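Both complexes shown next keep chain A, but they swap its partner, so chain B is in the first and chain C is in the second.
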Partner chain A sequence: MDFGPFLLLAVMEGLVAAAVLALTAVGLSLVFGVMRVVNVAHGEFFMLGAVSAWFVTHWLPGPPAFGFALALILSPLLVALVAAAADVLVLKRLNYQPQATIVATIGLLYILQQAALSLYGPEARPVAAPFTLAIQFPWFGYSGYKLAVVAAAAVILTGVWLVMTRSRVGLVMRATQIDRDTAQAFGINVDRVYAGVFAFGAALAAVAAVLIVPIRQAHYLMGGDPLLLSFIVVIIGGLGRLRGTVVAALLIGLSDGVVSMFFSPTLAKILATLLVALVLVFRPQGLFGQRAG
Partner chain B sequence: MKTQLIGLNPSRRSVLKGIAGSGAALAAGALPGFVQAQSSAPIKLGFQLHRTGIGAAYGRWYERTTQAALKVLNEAGGINGRPVEIVFEDDGTDPKRGAEVVEKLASQHGVDAIFGPLFSHVVIGSAPRAGELKVPYLVCSEGFHVASGMLNRWTLQPGITDVKAQVRAMAPWVAANLGKKVTMVFPDYAFGYDHRDAFSAAMKEQGGEVIALIAIPPTETSYTRYLPQIPAETEVLYHVMVGPGVLTFVKELGEFYGSGAKPHLFGFIDSLEAVDIASPGLEFLEGSHFWEGHNRMQQADASEHEIFYRAAVGVDANGASLADPSDIATYAHMFSTWETLFVIKAGMEAAAYQGVADRQKLVEAIEAMTAMPHSREHPQGDKVFNGKTHQVFGHQFISEVVGGKLLRVHTTSLEDGAYPDAVDYTTQSF
Partner chain C sequence: MRVWGFHLAVVALLFGLQFVLPPYHFTNFARIMVLAVFAMGYNIAFGVTGLLSLGHALLLAAGMYGTGLAISVLGWAALPALLAGLAAGGVMALAAGVLALRTAGVAFMIVTLMFAQAGYLTILYFGPVTGGDEGLVLAQGARVIGGVDLAADTPRYLVALALFAFALLANLALVRSRLGRVMVAMRENEERSRMLGYNPFAVKLAALVISGLYAGAAGAAYAVLFGYVGASFAGIQYSILPLLWVLLGGAGVVLGPLVGVLVMFYLIDLASGYTTAHLLVVGLALLVLVLFAPKGILGSLRERAWPWLP
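So, the complex of A and B:
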């Protein structure tokens, strides 16, 4: 294949990866930024989103688009409920101590994964795409749905940005992020903000999973890769920085797409991990983070 | 709190009477199918099962097939007149756990023999432990690792032809009917390397050439990025993929070529095992060819043995579960567990097997086997076992997708896949 079409395909694949990654990583970044909790179970919320999307579309007769639309609403809601419960029942009781919450979310990871294995089973199951549109370029064909995923992710991320910067909810979250005690002194119910942020972060991962599940299948072990990549993105972008996270997701997604196509996917992973190491050594606050004052 | 057992207040005497009574009933032939042998204790076999992990789709059907075979076996009187039980242990399709499962089955459950694993990295990781524990280890993995001499005297593969013979049998047909310039897409581990090495060599013998090799990790979830590596001059795209992502792999292959020109597709059905060929996005497979170890869809000339086997396992004519038409079988591979169980039966009966002390006699009895005729015990077809290499050889099938159905267009002979022995295990010590 010639260089031009080759690059076009690489960029499109990279954009799809970046879109899903941005959604997942923004959820992780938000939880860390506001709550200072390193959520190791984030990948399992992603998996739970995909698995619940399969249940919704499987039990709902009718056209695939209808079931998919419903899954796009119900799955994040369900995952948000699970996350809120985990926050209230586990994390809150640990007083959000950094070390304790890491261990607790590792436990949560295994509980969610094994629950999915018991209730959903070990199979990879497909979810029908809401529409099928084959785009035929002169050199290769491409799935129109994949491009729709990129557009949908952009819309949702814009929505998240608006909520964070323009709404009262966002104001309360940012206030809690900047100074928890002062926020509490001003009458903000910090417990509720924490539960809400944890649920919202998990719901973003679930949305990403529902978008991707018609391309891949829902599988109980699918949470590992998004977790690793999200951590890479969040560290590079600067912990708790929304804009930095999105830019880093684009960087990692696109470089993953291009490097893995022109060279090898293993090399792409090596480079991403190397970048994390370099960032941690030379710019621990992340490429877009500010040095803690 | 006081517990009242209604109408159940047994005295010591009545309990003893009851036990004696049921014992007498048993001795008098409450189990009429099992004639009294020297020991009437059940024969206990261990099954190393990929119930979870990347091999789960195979594991689900391997368990069903084995349960069906066990039922048939026990209804016909078991082995040497003794009933047979099978202990299933999940290895998570993981080599490390595989070795632990072998250990657990042999030491804790004290099984007479272990069989059933499919994924080659698990087999290669587990077989040394079976050799150390001196327990017969009968694998259903297709890998060339048995016949190559990599494993040991205790490891045998009597239920399924190895990859080397399979692909050698495919090469002449591919070269004659599809094309001579081949690109191979295969999973990046032992099983895939068997395909790569054996097919590249066999194609060369046929005057063809493998022009590109594309290895994909079996845990991969996204495949489009590998596909531009397929050279434009490729005449035949040879694909074989495993793992939970197989449906994505085939779909993305279809999307990649779209309505444009594409090479002939020749796949191992592994790329489509447990996947409905009528899934949306797979229409492009029409007219393409597949290797099948056993025809998923019932062919017009299906033998009585094949029909019996299909019904016993609970598979319909389309290769789906009778209970759920969306649950597609791993039909091209799972016969191996059925046939292996009946090889164990034949081996134990030939060795007059009594207990774990006779494990070595069982291996020697299987090594002495040669022809295995097409029968209820061997529903996939007739086979020849090579005791020196511990490997069985059977017929292979090539099917074409016609109207969304897999129709057999070619059956290979045993000679097509033949290759010189690489090892003589019988000269090794136990």
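So, the complex of A and C:
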């Protein structure tokens, strides 16, 4: 294959990665933005989405498309319930104190990982794609499902943006984000907003996982990479800012796709990790600026 | 006086244990003492100075690979290789600290996490030298100091105990010194200590470097005593474990790390008799601690009964 088509293939792979990453990272970013909680268990919510999608499609007879559609609804719901329970039972009782919540979400990470290992097992298992359609380019054929993932992510992200900017729910969330005490004084049930946001953020990660699981298999350790990449995206994009997060996800997803195609993926990850650490060190204002100390 | 006596009694107790412990627990205790040194280093940064790092695996791995590579690649003898590991831990802490200490709070946690992750990936990237995931097994012949074979049970226990005793007493001296009190002041109120004329950056950097020396010493000792160096020790789990140990034993209490490692080790050991779900034990322990006993075992004891415990 010539360089041109090869690059096109790399870009398309990068777009798929970016789409899923954007969904996951927006979930993380929302939780940090509104609640000021760094959720280390976010990757496990992603994993839980993928694993529960496998259970749904596995136990459901009928065409793969039907099972997949059901998984796309049930998995995020289940993950949202788990997240809401974690918020009410643990995070709320810690008063969302930053260091304690990080320790608690690490604990949650281990519990979810163990639950997946015990109930689902150590194997990686595939989920059938809802449809198989090869789109034939002049140089190579490409999976139509992968392009559908990109489209679906774009639709969902637009939906999230509309909810945040145009609806009453979004207004309440933004009010809580800007000033929790004043919001409470205006009769907003902050506790319920927090539980809702935590559940919603987790559900976004689960949706991303369900979309990607026909391409990559479901595995109980699959949460690590999305967590790390989401952190990178959220930090570069500016914490709690949706548009910045999406732009950063595109940037990271694309460059990760392209760089890993031409260089070692491990080297790409080392450089990205160091870059983000240095961004935080030298430009903390606007990222964690107001929170430092 | 009572304080020194109490800690010396703990060391003496550990020395006496070697005559009664069955072989299985004998090896366990050597491991526990080495890991407790690592945890003590973490306690100096987190418990005493209030620096919540999520990247201490980087410092442990620096010591471990500093020693392991000096032996396997450079062919050094065990003693200079141990010193190389100790120095590697300190130098790594200095380099990471100079950058990471420009941040604070949540940003500090994430930066240290990222540094450690980069270190872990670097070890995997240089797989042909470091052994990657599988790690390196150090040859028996390289684990001898002055004719004593450290791979044998009794010398291993005694060397681990000597390291632990030295680390414990140095830790005790540190928290009772001027520097130690300033470190606590940084934890309690950084702004006020700055106003009193102390340089927070210098004090916190000193705390991190001392912490790095502890982690480096533990990593180096682990490599020589147990003959294995692996990438898993650089993984995120070994950044979380010292936090867990210190929280369990009591953050800021000198003996807290030992108690934390000991209890956690045997909790998992006991639990694995009934279930294979070690991760669940770790996760639940973290949740229970942070919810119900944020002061840990010795921290609660100090609050209720032994106010003199340093």
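Going forward, the second predicted complex is superposed on the first by the 280 of 293 C-alpha atoms of A that agree within 3 Å, B and C clash if a C-alpha of one lies under 4 Å from a C-alpha of the other, contacts with A are read in each partner's own complex, and residues count from 1 in each chain.
Please note the rule applied: a contact is a pair of C-beta atoms (placed from the backbone, for glycine too) under 8 Å apart; a residue touches a chain by one contact, two chains touch by 3 or more.
The model shown is predicted, which means the values in this text are computed figures rather than measured ones.
Colleague: After lining up the shared chain so the two structures overlap, which partner does A:Thr132 touch, if you call chain B first and chain C second: first, second, both or neither?
Modeller: first
Colleague: Which partner does A:Leu117 contact after superposing on A: first (chain B), second (chain C), both, neither?
Modeller: both
Colleague: I'd like to know which partner A:Arg174 touches here: chain B for first, chain C for second, both or neither.
Modeller: neither
Colleague: Figure out whether A:Leu274 sits in contact with chain B (first) or chain C (second), or with both, or with neither.
Modeller: After superposition on chain A, A:Leu274 lies in contact with chain C alone.
Colleague: For A:Arg283 in the superposed arrangement: first (chain B), second (chain C), both or neither?
Modeller: The answer is neither, since A:Arg283 touches no partner chain.
Colleague: Report for A:Lys92: first if it touches chain B alone, second if chain C alone, otherwise both or neither.
Modeller: Neither: A:Lys92 stays clear of chain B and chain C.
Colleague: Mind working out whether A:Leu109 is in touch with chain B, chain C, both or neither, as first, second, both or neither?
Modeller: second
Colleague: Between chain B and chain C, whom does A:Met261 touch in the aligned arrangement: first, second, both, or neither?
Modeller: So A:Met261 only meets chain B here.
Colleague: Do chain B and chain C touch any of the same residues on chain A, and if so, which?
Modeller: Touching chain B in the first complex and chain C in the second, residues 117, 266 of chain A appear in both lists.
Colleague: Could you please specify the touching residues of chain A with respect to chain C in the complex?
Modeller: 38, 90, 93-94, 98-100, 102-104, 106-115, 117-118, 228, 231, 235, 264, 266-267, 269-270, 273-274, 276-278, 280-282, 284, 287-288, 291-293
Colleague: State the interface residues of chain A toward chain B in the complex, per the touch definition above.
Modeller: Contacts found on chain A: 1, 6, 9-10, 13, 17, 117, 121-124, 126, 128-129, 132, 134-136, 138-143, 215-217, 219, 221-222, 225, 257, 260-261, 265-266.
Colleague: Which residues of chain C touch chain A once you look at their complex with the stated criterion?
Modeller: 52, 54, 99-100, 102-107, 109-111, 114-115, 117-118, 121-122, 124-125, 190, 240, 243, 247, 276-280, 282-287, 289-291, 294
Colleague: Which residues of chain B touch chain A in the complex?
Modeller: Listed in rising order, the residues are 51-54, 56-57, 59-60, 217, 220-222, 224-228, 232, 244-245, 247-248, 252, 255-260, 274, 279-281.
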